[in-house]
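Consider the two complexes below, in which subunit A is the common component and subunit B and subunit C are the respective partners.
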Partner chain A sequence: MNQSNEQVGVFICHCGGNISDTVDIKSLKQAINTSNTIVFDHEYLCSNLGQNLIKKNIARCSLKKVVIGACTPAKHEKLFKKCVDDAGLNPAMLEVANIREQCSWAHSDDIDAVTQKAISLVRGKVRRVQNAKPLEPIQIPINPSALVIGGGIAGIDAALNLANNGVHTYLVERNATIGGNSAKIGKIFSPEKLEEECAMCSLSPLMNEVGLHPNITLMSCSEVENVSGSAGNFKVRVRKKARYVNDNCMACGRCSNVCPVFVENDFNCGVKDKKAISLSFAQAVPQIYSIDSEKCINLTGGTCSRCQDVCKVGAIDFDQKDEIVELNVGTIIAATGFDEFDASRKPQYGYGLFANVVTQMELARIFGVNGPTEGKLACPSNLSKPQRIVMIQCVGSRDEKPTGNRYCSRYCCMAALKHASLVKKKYPDVEVTICYIDMRAFGLYENYYRAAQDLGVSFVRGRPAEVIEKPDKSLVVKVEDTLTQKVREIPADLVVLSVAMEASTGTRQIAQTLNVTLGEDGFIKEKHSKLKPVDTSRDGIFVCGTAQSPKDITDTIAQSGLAAARTCAFISGGSITLDPEIARVDLSLCDGCGECLKCPFDAISMNDHGNVAINPLVCNGCGYCTVLCDQKAISIAGYTEEQIHAEIEGVLEKGDLLAFLSRNIAYATADNIGSSAATYPANTKIIRVPTTTIVTQSMIEQAFGAGARAVLMVEEPTDDPIGESVYSLALDNFQKLKEELGDPGGRIHFKKAYIPNYRGLASTLTTLSQEEVGE
Partner chain B sequence: MKTIEHIPDQGILLFKTCMVTNEYPGIESSSTYAFDRLGVDYFVSDEQSCCTGLGFYFDLFDQLSTTAIAARNFAIAKKKGYPNITAMCSTCYAINKKACSLLNGNEEVRTKINSIFRQAGLDDLVYEQNSLDEVDNFYHVVEIFLSKAKRIGALNTIDLSGVRVAAHHACHYYKIHYDDVIGNPENPQLIDTIARSCGADVVEWYEDRTLTCGAGFSQRHINRETSLKVTHAKLESLKNAGVDLVLHMCPNCQIQYDRYQPVIEKEFGTKYDLVHMHISQFVALALGANPDKVCGFRTHSVPLDDFLNRLK
Partner chain C sequence: MSEKATGTLSGYDTPECETLAEIVKRSLRTSDSIGIDRCIQCGACTASCPAARFTDYNPREIVKRVMENDCSVIGDETIWNCFYCYTCHLRCPRNNSPSQVVQVLRQLSINEGTGLDKIDMLFEYGIIFAEIGVSKLPPLFFEQMETDFDEHWLEFKENLDEVRSELGLGPIGIRDNGRGEIRAILEGTGFFERVGRLEQTATTETDSKQSFRRDGK
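Moving on, here comes the complex of A and B:
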């Protein structure tokens, strides 16, 4: 082994007692202090003082390598790497021993046992760093174009902001037109004027601007299928779905006039008033018709070509096929919006059972001059004018039952007030009652709330129990008025449900495609609710609008502008530094067998010279290629076999359980055990690996040779983007190792990690670390 | 959340229920009949005691004694090797589930109960934390039947076409532990699915579907008027929906409807042409059980003779 005699500086953090209360720092320092180490300790190494101590001593003692014993590397490794970098060392010359989450917090053993574990963890890292080689950072220029996913008001505004700042922007929209939900709502509320304004009058010019902007490539009927690469250089695969009408379309409408098939109109909430070939609505952008392929007679195998016959520009193309387009962009904004809560999940309100129970969005369409009743207020059952309207708030919001959502949807109090005001202004004789839990007219909206009261809207504080239908189709809302504590039965001709905003199916799908974290409510989670409200868990990917949380248009626009600004700032950085811990090939050892081309992520290829080449933008350093290479020509920088052997030698003591944990989910799950105050015995030693595919026979032999009781490999789950491809390969590797080693006494184990189930991992670690060693 | 794939058919302790034994013994004989026919591995223990839910909801027993008695019953289930405690009564289900959750999650309660056991020399009853799981070890017979609904439908011997059936899912099943209801707890469909698989014409929704039966434990006696008003309202809704048969999953609801229907008819001056049975009785009947000897319909207050004749 290439152990140098250079001095290793070891810095131990007390973490204000989080470590020093359960680890005897004095004994730890003594045990680590050898001829080629110098040991320091500090109350908080992550503080400025702590970092200065590290920098000062690197200079004073001419340290070439550093080990830090502190919290999990997931927390401060980046900070400490920058710290040693500032002091003139290559960041690869730093190792962090996790003596908090995986030591002081995770064991209920006595102080001697915990201290002994801390000693072995630090010793392992000292051995490891002695085998480290400097890694040069990989710098890649940032692609200066952006992708915005979702063409609702958030995506439109973000795309226009980017385009106006000179950024070439692709706007991908799944539907035939941009506009989203904002196009449907008819009127918007304004706190200053106490008036309702025309939504389309504000939206339509923006939509046209998108369609005409030289910096925007609009892709409608398109869906993002796959995203690879990393911040600064994403490769995006987009499916452009066939719309069966080509760009020749002049939107004259002859085709729609002759089409014999009526279909459900999504724009009018499912009313059957649309033709199988149509424009979504008059102001649609692009102004290109499209055919509903599931309803069109021709496309479902029948004989009909009426639209083709009347089209004068030859725009109808029944043979059009889906098209796959590859885009290269530097950054991505997810603006995939919301879905309405499905009110039929609460049958007590009769939605879907009774014709005259509608949602606020459906009422908005009834009010729309381009809606099913051309703007006339009418009950769906018989198109008569309702005399009594009751609105029910918080349907699916502020709801502890698993049917609904716990959060407040933020827009619905104002939407109800808007519609109540519209009714009262246009039809003063119609009674409007709003049943609410709390009216939340935050900020300046309070004025609007008061104005609605002045118009004569009634308010009943109580969440209705049930809506029932009388034989004449009129309705009764049963509610307890909690202010008078009386049960009331309010008669109504029309009941309007203010349903929750939920993360749209598109949002959930795109989060998976982009590999960004969702919050527990299903919306894309921001990095920091106050300081980084539009950054996601992945660099270079931003979020805005209702994809991030429920909000109204005002808040959406504030966020989409910010997302555009953050995107511009990221692009103007010019270049990006990539994680150097990826696959490296030693061409002097490579015999060109091509086995490594089996890379599940397609990161490895043969270049024009017949040499193996690794794409640093695609390689995530999983390590699978290292087991494929018989020549040992490929290794993961920072995770070479020498380094791992050295760490095993350092950490392992007789009777230990040695656990190899993949570096993302599996390692984080182990950290969660400590931070959730669950425990497992201190004779469990964890080694972080890119994925367990890099574990070799000789590593396990080394472990058993040193007296390990058992070896466990914990792999990323299959719903993780790396685990998705690697899990089965890791399982194969485990089975192969078991076979090769004969697995004496069933001592080699494999487990799938799952972050919420840290208790499961703790119990596995506990069982295996206490198991009798069989022969 | 519980899902249908997780419903076991092995290691079932069919939990005896006071209101079944004393009021409708046919529910238990129907359950065992149906389990036998469906190949469910179950056990009925004579060592088991009442869940004490009636006493608890009458404010006669406190939570600690109730939990201690549950711990005793849990020890029997584990000792016999039938750890999946399955109730015919929604109150037994909810009481046992809550007791298990307390024993697992509340150290003070567990320690106190265990020390009482030890002092009394009942060491074999001591409850070890997490030895049962409040979700994975507690079921209601309706869940077992739901998991076998297709098979029940295939073995069905009665012609239910044109029979209007409505479900009354019991409050203590879907309103107390609503996170552990299979499907939507605001629109439970367990009974409906089983009835539909036997070809019944199931009423999807009726007014007051989620309203209580009106029993309210002590309310039935101390607030008799309110209690009967609620039951009357429900019977009216069921009548308006043209229901012939109401299916229950709780003997207490069944008492409220079946025993009090004649009382309400008299006191409210009305007439109802609807009959009641427990889901176990329904499943047993569908599988060909004898209506008297197995289902025990003779113990009902609302006679089922006309209804049963209609099925033939």
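Moving on, here comes the complex of A and C:
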């Protein structure tokens, strides 16, 4: 073994008795104390006092390397690495021997046996650290541009905030225009004024700003198809769908005038008042027409070119094709919004069956001057003015039935009050009744609720049972007024359903593409509901607006601003530091055979000079490439063959079971045995490896040469992101090793880890460590 | 009124519990996930209820009294007005089921003796079932059926076997060995003792018209 003679400082933690009650610290110190080690101990090394002891002695004794005997490295390794870093050592010059979870807590043997194990674990780490080389942290610059997915009010606001802070931002919108649901609702309620404000008057200038901003690249008719890479460096594939009208379009409208085909207008909730070539609405951004390819006569195989004939700028292009665009961005904000609950899922209210049952969004369109009735309040059945309007709250919200949603949709009480107020102000003679379970006019909105009461809106506390249509198309709402305990049948000309906000299909799709977690209600889950409300389960990806939960515009804007601020903060970090314990290639040994390109994560490639190159953003250091390389040109930093051989030499004693455990799930499962007070014999020695694919024939031969009873490899399960690709490769490696070694007496074993089943691992370790050694 | 429900409310399919709501939740008659604790008194049940439309029965209020552990609800005459259409069950947004709650209340009422006069006319169904192995309308109700469905009803009933044979269908009853099996099941499950006990109690209760029995009170 190639060992240096540098001084190694060994620090043993008592852990307030957790270690010192079952390990004889004095014997441990004596056994470890040799010519090139100095040994210290402390009650709690993780405390400030403990860390000061380490720092002080690094300086005083000119220590070059440090071994800590304490709890599992999963717990405090980072802390101790920072500690030695502060003291001027490279963090790779530190090793942690796990003498708590995998020693003092895990064995019921006598104190001598447990102490003996602690000695061997510490000795193994001393040998290992003597073979360690300094590792420089890998710094990768963060791509300073951002992607915002979804061009509703949340995405618009986030994009403008980013752009105004100097961040180049791509805004990708699936539809032909930005604006989203906010563009449809006409008037908005506001907490401090009792007036309803014009939504488009606030929104339109923002939309125009997006269209003109030098820092924003707006991509409408576009969908994100694939996202790869990681925080700081995402690669995004966007499909720009054909709109059959090019950028020459001046939005003059001649084409639409001559188009003979009427289609359903999404903007007006499906009313057939739009042409197959059209602008979504007058204020659309970008101001470019688009053709509905499923309805256009020309695009469905017929003969018609009227639009092309009248266009003076040659903007109509029936041959336009979808385009794939690759974007490189550092961070992503998901602002993919909500869908309205489909009220026909509650057939008792007659939506879709009775013409005069509409949703609040449809009523908003009826009120819109650019809507189907040009702002005139009218019943859909005969366009007459309704005299009696009944609104039904919580349709699809606060409903545990499979067709509903359990949550409160948060906006609907206010939307109903807003529309009730609008009706009462414009048509004081119209009776408006709101059937509610609880009115939730939270915070300052209470003023607005009171103002609606002053206008003469009636309130009935009860969830209506059903809506019945009479032959004259008027309606009856059956409800119990629970406050007077009377069942009422309220006549109505128009019934308005306040339907739930649901996570949009776009939100569900993008969560899958981005690989971020959804909550049980289908919205993108934030990392912490109070402290990290716009962070998702993945670093560098943020969420805002109704993609995260139901909310009104005020709350959406608050959140989109925060998402932009978090994005700016992330980008202004400049670079991210990656784990240095990944694959490194020694080009002086590499013969360019290309075997390592079989990397299951595609982290290895040949660069322009024909040299093997490793992408540090993708490599997770699994180690599979090390067994592929005959020249031993690739190794995992911090897990070189020399280091592992040195650790085996240090820990192993005659009759031991040697276990190689993969560093995440498998190693944590072994820790769980100790922290759950289950046990296995102390002659089990565990060595942490990136994955068991790096275990070689010579490691096993070394183990048996030193008298090991058996060798076990425990691999990450297939539902782990690394195990998913590596498990089968690890199994192959195990089988190959068994063949090569002829497996003397069935002494090489393999097992899949599973965190909850720590007892299973404990019993395997117990069985194997007591097995008779066949000669 | 909130009395401890233990003791008085024990008996057939009414496990001994501290509260009425607990009895409802643990009864065999209710779904495991019944949302009685989650009721928000929205009234969707009452507004949907045909019995509430024509009588004073109010399922929302019944559930409220159960939640408040108001034991007087067991003696409330209106709980006998529900006829199990299950519309409340279908529409309740909290997955509560007033129609199931009422079934438990009726059982409690029967256990206390107060509900027996509501069911004594139904004993006949059980006795006929035990005899012929199928459920059949007791003669007691023939007159009412004629009023409801006109005189053709009786004619149809009397000639049922003939009508069935004209349609190529066999007789509606169960063959003798089948009847024996059904009888054995009823005997094995204690059906006859139970009916006998109920009939006996019904007679004594009618004599001493107590509205409520409260052990140890």
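By definition in this document, the second predicted complex is superposed on the first by the 447 of 775 C-alpha atoms of A that agree within 3 Å, B and C clash if a C-alpha of one lies under 4 Å from a C-alpha of the other, contacts with A are read in each partner's own complex, and residues count from 1 in each chain.
Rule of thumb we're sticking to: contacts are C-beta pairs under 8 Å (C-beta built on N, C-alpha and C of every residue); 3 or more make two chains touch, one makes a residue touch a chain.
Computed from a prediction, not measured in an experiment: that's the story for all the values here.
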Should subunit B and subunit C be called a clash or a fit once both complexes are overlaid on subunit A? clash
Look at A:485 in the shared chain and tell me whether it touches subunit B only, subunit C only, both, or neither; answer first, second, both or neither. second
Contact-wise, after the overlay, does A:462 reach subunit B, subunit C, both or neither (first, second, both, neither)? second
Using the touch definition from the top, say if A:9 reaches subunit B (first), subunit C (second), both or neither. neither
Is A:337 in contact with subunit B, with subunit C, with both, or with neither (first, second, both, neither)? neither
Return first, second, both or neither, reflecting whether A:398 touches subunit B, subunit C, both chains, or no partner chain. second
Partner chain in contact with A:50 - subunit B first, subunit C second, else both or neither: neither
State whether A:286 touches subunit B only (first), subunit C only (second), both chains, or neither. neither
For A:437 in the superposed arrangement: first (subunit B), second (subunit C), both or neither? second
Regarding the shared-chain residue A:345, is it in contact with subunit B (first), subunit C (second), both, or neither? first
Broader residue contact with subunit A after superposition on the shared chain, subunit B or subunit C: C
I need the one stretch of subunit B that runs into subunit C once the two models are overlaid. Options are 4-12, 58-66, 148-156 or 274-282. 58-66
Considering each complex separately, which residues of subunit A are in contact with subunit B in the first and with subunit C in the second? 348, 401, 466
Under the touch definition given earlier, write down the residues of subunit B that touch subunit A in their complex. 1, 178-179, 184-187, 204-205, 207-210
Give the list of subunit A residues in touch with subunit C in this complex. 348, 394, 398-401, 404, 437-438, 461-466, 478-482, 485, 487
Under the touch definition given earlier, write down the residues of subunit C that touch subunit A in their complex. 35, 38, 40-44, 46-48, 52-53, 58, 60-61, 87, 91, 93-95
Footprint of subunit B on subunit A - complex, ascending: 345-348, 353, 401-403, 466, 468
